[in-house]
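Sending over a structure as structure tokens; questions will come in a sec.
Each chain carries a letter (A, B, C, D and E) given by its place in the written order, and its residues are counted from 1.
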Amino acid sequence: EDVTISVWSLDRDIQPAPNLIKDFNKLNTGIKVEYRQIQFDDVVSEAMRAYSTGQAPDIIAVDNPEHALFSSRGAFLDLTDMIAKSTVVKPENYFPGPLASVTWDGKYYGIPKATNTIALYYNKDMFKAKGLDPNKPPQTWDELVEAARKLTDPAANVYGITFSAKANEEGTFQFLPWAQMAGGSYDNINAEGAVKALDIWKKIIDEKLASPDTLTRSQWDSTGTFNSGNAAMAISGPWELDRMIEEAKFDWGVALLPVPEVGAERSSAMGDFNWAIFANTEHPAEAFKVLEYFVSQDNRMFKDFGQLPARSDISIPPTGEPLKDAALNVFVEQLKHAKPRGPHPAWPKISKAIQDAIQAALTGQMSSKEALDQAAEKIKAVQG
Amino acid sequence: MSDHFRNRLMFAVALVLAAIYLFPLYWMYITALKTGSAMFATPPKFWPSEPQWSIYSYVWESRNMGRYLWNSLVIAIGAVSLIAVLGVGCAYVLARYRNIWVDIGLFLILMLQVLPASLMITPIFVGFSQVGLLDTPRFAVILAIAAKSMPFFVVLVRATFMNVPMELEEAALVDGNSRIGAFFNIVLPLARNGILVSAILIFMQAFGEFVYSKSMIQAVELQPASVGLNTFMGPNTNEWNNIMAYATIYVTPILAAFVLLQRRIVSGLTSGALK
Amino acid sequence: MTLQIELNGVNKYYGSFHALKDINLAIEEGTFVALVGPSGCGKSTLLRSLAGLEKISTGDMKIAGALMTNVPPRKRDVAMVFQSYALYPHMTVEENLTYSLRIRGVKKAEARKAAEEVAATTGLSHLMKRYPRELSGGQRQRVAMSRAIIRHPKAFLFDEPLSNLDAALRVHMRKEIRALHDRLRATSVYVTHDQIEAMTMADHVVVMRDGVIEQQGRPLDLYDRPANKFVAGFIGSPAMNFIPAIVGEGGTHVILDFGATRARLPFTDALPPGTAITVGIRPEHIKIVADGQGAFDVPVGIVESTGSATFIASATQPELTVVETGRRDVASGEIVGLAIEPAKLHFFDAESGTRIEANEARSDAGSIRRLHLAEETR
Amino acid sequence: MKRILASVTDGKGFDIGLVVLPLAFLFVMSGLPLVYNVVMSFQEVDMFSLGSFLRPFVGFKNYVDLFSQPETRPILFNTALFVSASIAGQFLIGFGLALFFWVNFPGASWLRGLFLVSWVMPGLVVGAIWNWILSGDFGVLNFLLRETGVIDGNIFWRSDPNYSLWAVIIANIWLGTSFNMILLSVGLSGIPKDLYEAAELDGANALQRFWTITLPMMRSTIGAIIALGLIFTLQQFDLFAAITSGGPNNTSNVTQYWAWDLSFRQYDFAKGATISVIMIVFVMFASVVYVRSTRHEVRG
Amino acid sequence: MTLQIELNGVNKYYGSFHALKDINLAIEEGTFVALVGPSGCGKSTLLRSLAGLEKISTGDMKIAGALMTNVPPRKRDVAMVFQSYALYPHMTVEENLTYSLRIRGVKKAEARKAAEEVAATTGLSHLMKRYPRELSGGQRQRVAMSRAIIRHPKAFLFDEPLSNLDAALRVHMRKEIRALHDRLRATSVYVTHDQIEAMTMADHVVVMRDGVIEQQGRPLDLYDRPANKFVAGFIGSPAMNFIPAIVGEGGTHVILDFGATRARLPFTDALPPGTAITVGIRPEHIKIVADGQGAFDVPVGIVESTGSATFIASATQPELTVVETGRRDVASGEIVGLAIEPAKLHFFDAESGTRIEANEARSDAGSIRRLHLAEETR
């Protein structure tokens, strides 16, 4: 009798999980894996509901900032010992950011599934047209603002830059790297540098270097305006590459996120999901075996599914698409500086405090300082 | 001004109004045909420069839409039937009497639908899982939708029953019918406008129901189209053109079907009944 | 014969409005009962209670000996014509007619045949496929009527079934209804405002006022011996003339009070002299005669002719109405004599309005002494 | 037994059965979840204790916490504005259209049916489309307003704190208009024609007929529609999620979106439930108004 | 006087049904017109067309000289009583009554006073706060009536306004309506099935059949000289008796055809002998006399008495109806003589039914030769 392991993730047919599971089931290891796709928006609530009624799956993929929510409460299985014994899963192979997101209290509660980050896309044609050097994208915040000013052309419906300051996780995702580069962090969000970062954002919005709709637009939609030629630069992640290759009718490039000043510490956001095993699984060993299989297939991650493995030991093979390869190089470089959000079990509330601050400042209802002070206070309250 | 001219004029105005109101529908149609980024272009394009006709077959096949639509249909028909069976009688009684119990009944019925589905799903999920209803997930969803939409149905259908003269029912009773018979033969046909339209509205709602379905139906083979639609939404990607194509495929036939059905809203159903 | 319908102390309240007051009624099987009374007196309410559509507040009602309190309408096997028709608007005339039959499982062909027969007698044959909204008022009423008479129920309840029909049709329908009643030996209760209908169709007339039964009995009995002024005035058209009067000295004559003038009518009954009474004279029992030839003289007021009859009103206070057959050539203002058949006089108590029974020994016909107007003063 | 059976086919039993059955169903399916939410608002809810009622009781702590938050008051105000403006807009436009299509010109019934479209389009799609229509730069609304010369510069409907709530209201009015229109059409069709004839002969012009005949005769329909419209509007959060996410800076946040955000974004189920209780109170008030208004209905 | 209402070649179709056929009508200002005809003949349709509620299909209609084609009902300033009442169900009686006044901006107190006045004459005073659904049928009809007469319009249109009222109330209302009409000098068109109403209230009677105007004129003219058999039968109640007959040799007598038997009536007009005609005799123009004393003898059929009158039908084919005032003691089966006033005979073409004008030189009264039944054969 086969052991049945159930796996929930948001991956759909052309993405890793269902395919890997299919391959795994073909191996006939005595473990049968069942797969359920869940919606991105509902991963956590579905998981919690299932967990509290005893219907949780054995394995689940959760977004990295929410990992701590489960691990801190013992809902995920502590994998430290199994990883120690494993010949497949080796913590040292992973980028530090992703690895940190599965760690809680010094123990591993999951395995990074994939990763991503954000960088600066820019429209080389527009750079040229405005007399900027297309091979020297802005390096610092000031240069970025300066470039944006030059590139902004209301008559042609062009904004200098586009990004997302939306009142949801995306806003935090985009802002946090800026704060971190300037010495801030989620538990020190009102650091001087963070205030400065927010001021820069505000300047960009106030001067209409970016669309005011930045406040309510997702990264995907924002980057859409870059693709359609209505923005000259965009801050976004590698998930855009395929669409951009297909739809952007101009020459573009990707640069590392500009830093506050030359030589400052780099930082970036870190996205994507981690694998975890629910603590109340009846077959922890078998579940781990499944995870080991997934990890063993990490090298197919990019080639077959276009996702970046969270591992530094796997190089990204060239795709034959020069623009894409160049961009990927930048992203891999950027990944080295990617930091997880948290980890903290109350991350959503922390994130909410940050979003509120961003929006309060950008709409001019508070100064950046006041807004971030207030956020810091809220975060402190959440941290207890 | 002749009737003919007036009719022409009214029709023209109606067309303009409809055009304004249907603009979002139009936008759905053409967005489906646009490339992913063209929809963000400033100024907006009212006709795509390179219509992507192939998108429909792509969406249909890639998502196995037939199955999704079938499930939606099963759920919607189930929910409408259940609601109609339970709700019509309830509405009828609430319209027939005028006393404190009716007030209480109406009040309860309104109150029982106050919470959004997103807040109801947790307790319902917990409850259903305990009694094992989740093993028949589509049925569970039908039950949940019925509970959610029945108050809507009851309140509206009650309003229609108010228009049916009591004397007609009495005449049927004297003619030898039972209450049940009179209800089916006389009252129901005369209230059909309201029932039909309410049922259409419920059907459409149930057809697109999303919150319950996505939580309770875990097997893809049983999921309805609304859940399928969301598979185009990723963590950082929203395939808008596919979403719109998908929505086009499922909205258009339903809309067409109900445009036909609601034409039966004829006025003066009871005219000529009474002196 | 068995008592078919029996009402004991029936009361009906609409909220605080007392619509039926202590109704006692016993109707034998096969009787044709006419229910008459002024508008709003409770006729329809009584009919609806009989049908089981209105719950009576107190009292009890038996049909064929069985208490009806909890018997639903359909088990009472009565057919009713609603005053408001209550046609099924979503059914054609034919469907309206056959509805009750179809419910009873009568076969389609049979039901259609029955409908055609009824429609032929009510003149609806060419309208069978119409919907009620496409009919004229009278046609609707005929559908309502036909819907009731297509059945063979234990009892018929008719609520003004002919009020919107023309005279010829009404005569025809009257005959049909009565014939149907006789054929089925069903008990019928028939509400009408038409005197002729009530008098000619019914075996038994019930007169109601304000929720109370004022009198009941055979039609001509009501006409000849109304129990009170109300019934006297209600039965017969044009209505009976009432004149306030006082019993004269010796109690053998009455003095009619026309306000400014008085008139004297001999009267052989022994009533206490000085009693205030009301004298009733039906219009058809007064004859216009030459000035000075009648019991007394009056000036003529309004004269109206319907062709077949002439209504002559006196210019007195109270007004007296006289009906003469055919055309009568009197002019307004003319002074005419009124001949009154003394045997046809009615006497009522001036206060209560109840009938004062004139004994058989009335003064002989023709012996009324001729009086001049204003001859006598009080 | 026979008595009971008879009462079921002919008497009160029939009526009671017809009401009690669905009410019982509703009570189990909706009443219990309602109670669950109310109970939860007095408890400390751990995301992993969703499955049981036995959770630490904290009294009014959730309420106190909630009302001490600075955004609470503006959000309540936004909710009131959102609800009243949406209902007013939906109802007025819906009624106008219903009246328009009531005039029986050829094609009226077809075109009227097309208005059902807002009811059948999936929330996700509606949200996205309005998101584009209302977009500041490439939005069609701005485009049209500009082309027709109504505005000079773009209005950033979604992102300008002065407009953000109205952006959602506009979309929501569009969404709810069909519901209002189609049901009002049904209500209109139920009014006997001869009343209008009588009123016209009595000298009433179209407007007077509307006020004195149409409106009062449609009382039960209007009452039902507004009561339901209120509840729908109070449940509307797809549009918020799609268009503004409650932003910028909560200027377009409303209780229902906030309750959802608290429950499913911040996993603070107790607070979410607490807000829902506030909404329940609000609806309770509205329900009482509705039920009272049914007293004056006209029975045909 | 001006022509107030003028219809020229008006036609009305309901779909393919031809409801009004080439109606030509001219009504002078201030005239009271009674519109009569069998159920379904188009009376209501005509009224509704006058009110502007029904669009006429062809022809034109003028009121006060102005073409009405595009004038909406509310600009016509007419008040109408609907056959179906059309009360406003959501308004109390008082609100129903004052509606038209309030619409015109009459002050509240004034409107209420007007309502109270009207309600007093129609007996609705105690019902002012009721809703229509809480009224009896007759009360509803009175509200409908009151609602029309509270106004002072240019024209009144009444569609069977009294059909559900009792006799006394009807008489009262008749007077009120006529008085109101006279006071306002408004033009009134009054649809009724009641002969007495039509004959006594109207200045002008219009008789319709199947959408066609059969005859119009002063009431008694119609009674005395009906243009055809239809009008003759329709005006007068009970209806005129019709007997098929043939003009006898010499054209000076007619032979009545009772199927099995014949009867001979002398006739001085010079009609072509052998012409097939129909003889009409009104019931009130026949007297029952002793066997052998009348024009001919007949066996008695059904005898009905309303108290004030007795209807006696002969057991012949066709049946002859006789009305006698008061009670008449004849038994069914008895053979009685019928005395017929020859001056009151009507003659109609057997085929077309049109009136054959009897010239002045009729045979003198009383000279009708007595015949035995079956005395003559063809």
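Keep in mind that, in the parts below, contacts are C-beta pairs under 8 Å (C-beta built on N, C-alpha and C of every residue); 3 or more make two chains touch, one makes a residue touch a chain.
This structure is a prediction, so every number in the text was calculated from the model and none was measured.
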Reaching chain C from chain A through chains that touch each other, fewest steps: 2
Identity of the chain that, by mean CA position, is farthest from chain C: A
By count of C-beta pairs in contact, the leading pair of chains: B-D
Geometric centre distance via CA averages, chain B-chain A, whole Å: 38
Centre distance in Å when chain B and chain C are each reduced to the mean of their C-alpha atoms: 58
Between chain A and chain D, centroid-to-centroid distance (C-alpha), Å: 37
Approximate Å spacing (C-alpha centroids) for the pair chain D, chain E: 59
Touching two or more other chains - residue numbers and ranges from chain B: 39-43, 122, 126, 165, 178-179, 230, 233, 238, 268-271, 274-275
Chain E residues counted as touching two or more neighbouring chains: 83-84, 137
Junction residues of chain A, two or more chains touched: 41-42, 45, 49, 52-54, 157, 221, 225, 228, 230
Interface residues, chain C side, partner chain E - complex: 14, 36-40, 43-45, 83-84, 123, 134-139, 141-142, 159-160, 163-171, 193, 195-196, 199-200, 219-220, 223-224, 233-239, 282-285, 304-309, 311, 323, 325-327
Complex contacts: residues of chain E adjacent to chain B: 83-85, 137
Interface residues, chain B side, partner chain E - complex: 274-275
Partner chain B, residues of chain D touching it in the complex: 9-11, 14-19, 21-23, 25-27, 29-34, 36-37, 50-51, 97, 100-126, 128-130, 132-133, 137-140, 143, 174, 177-179, 182-183, 185-190, 192-194, 220-221, 223-225, 227-228, 231, 234-235, 237, 256, 259-260, 263-264, 269, 272-273, 276, 279-280, 283-284, 286-288, 290-291, 294-295, 297-300
In the complex, chain B residues that touch chain C: 165, 167-168, 170-179, 181, 185-186, 189-190, 268-275
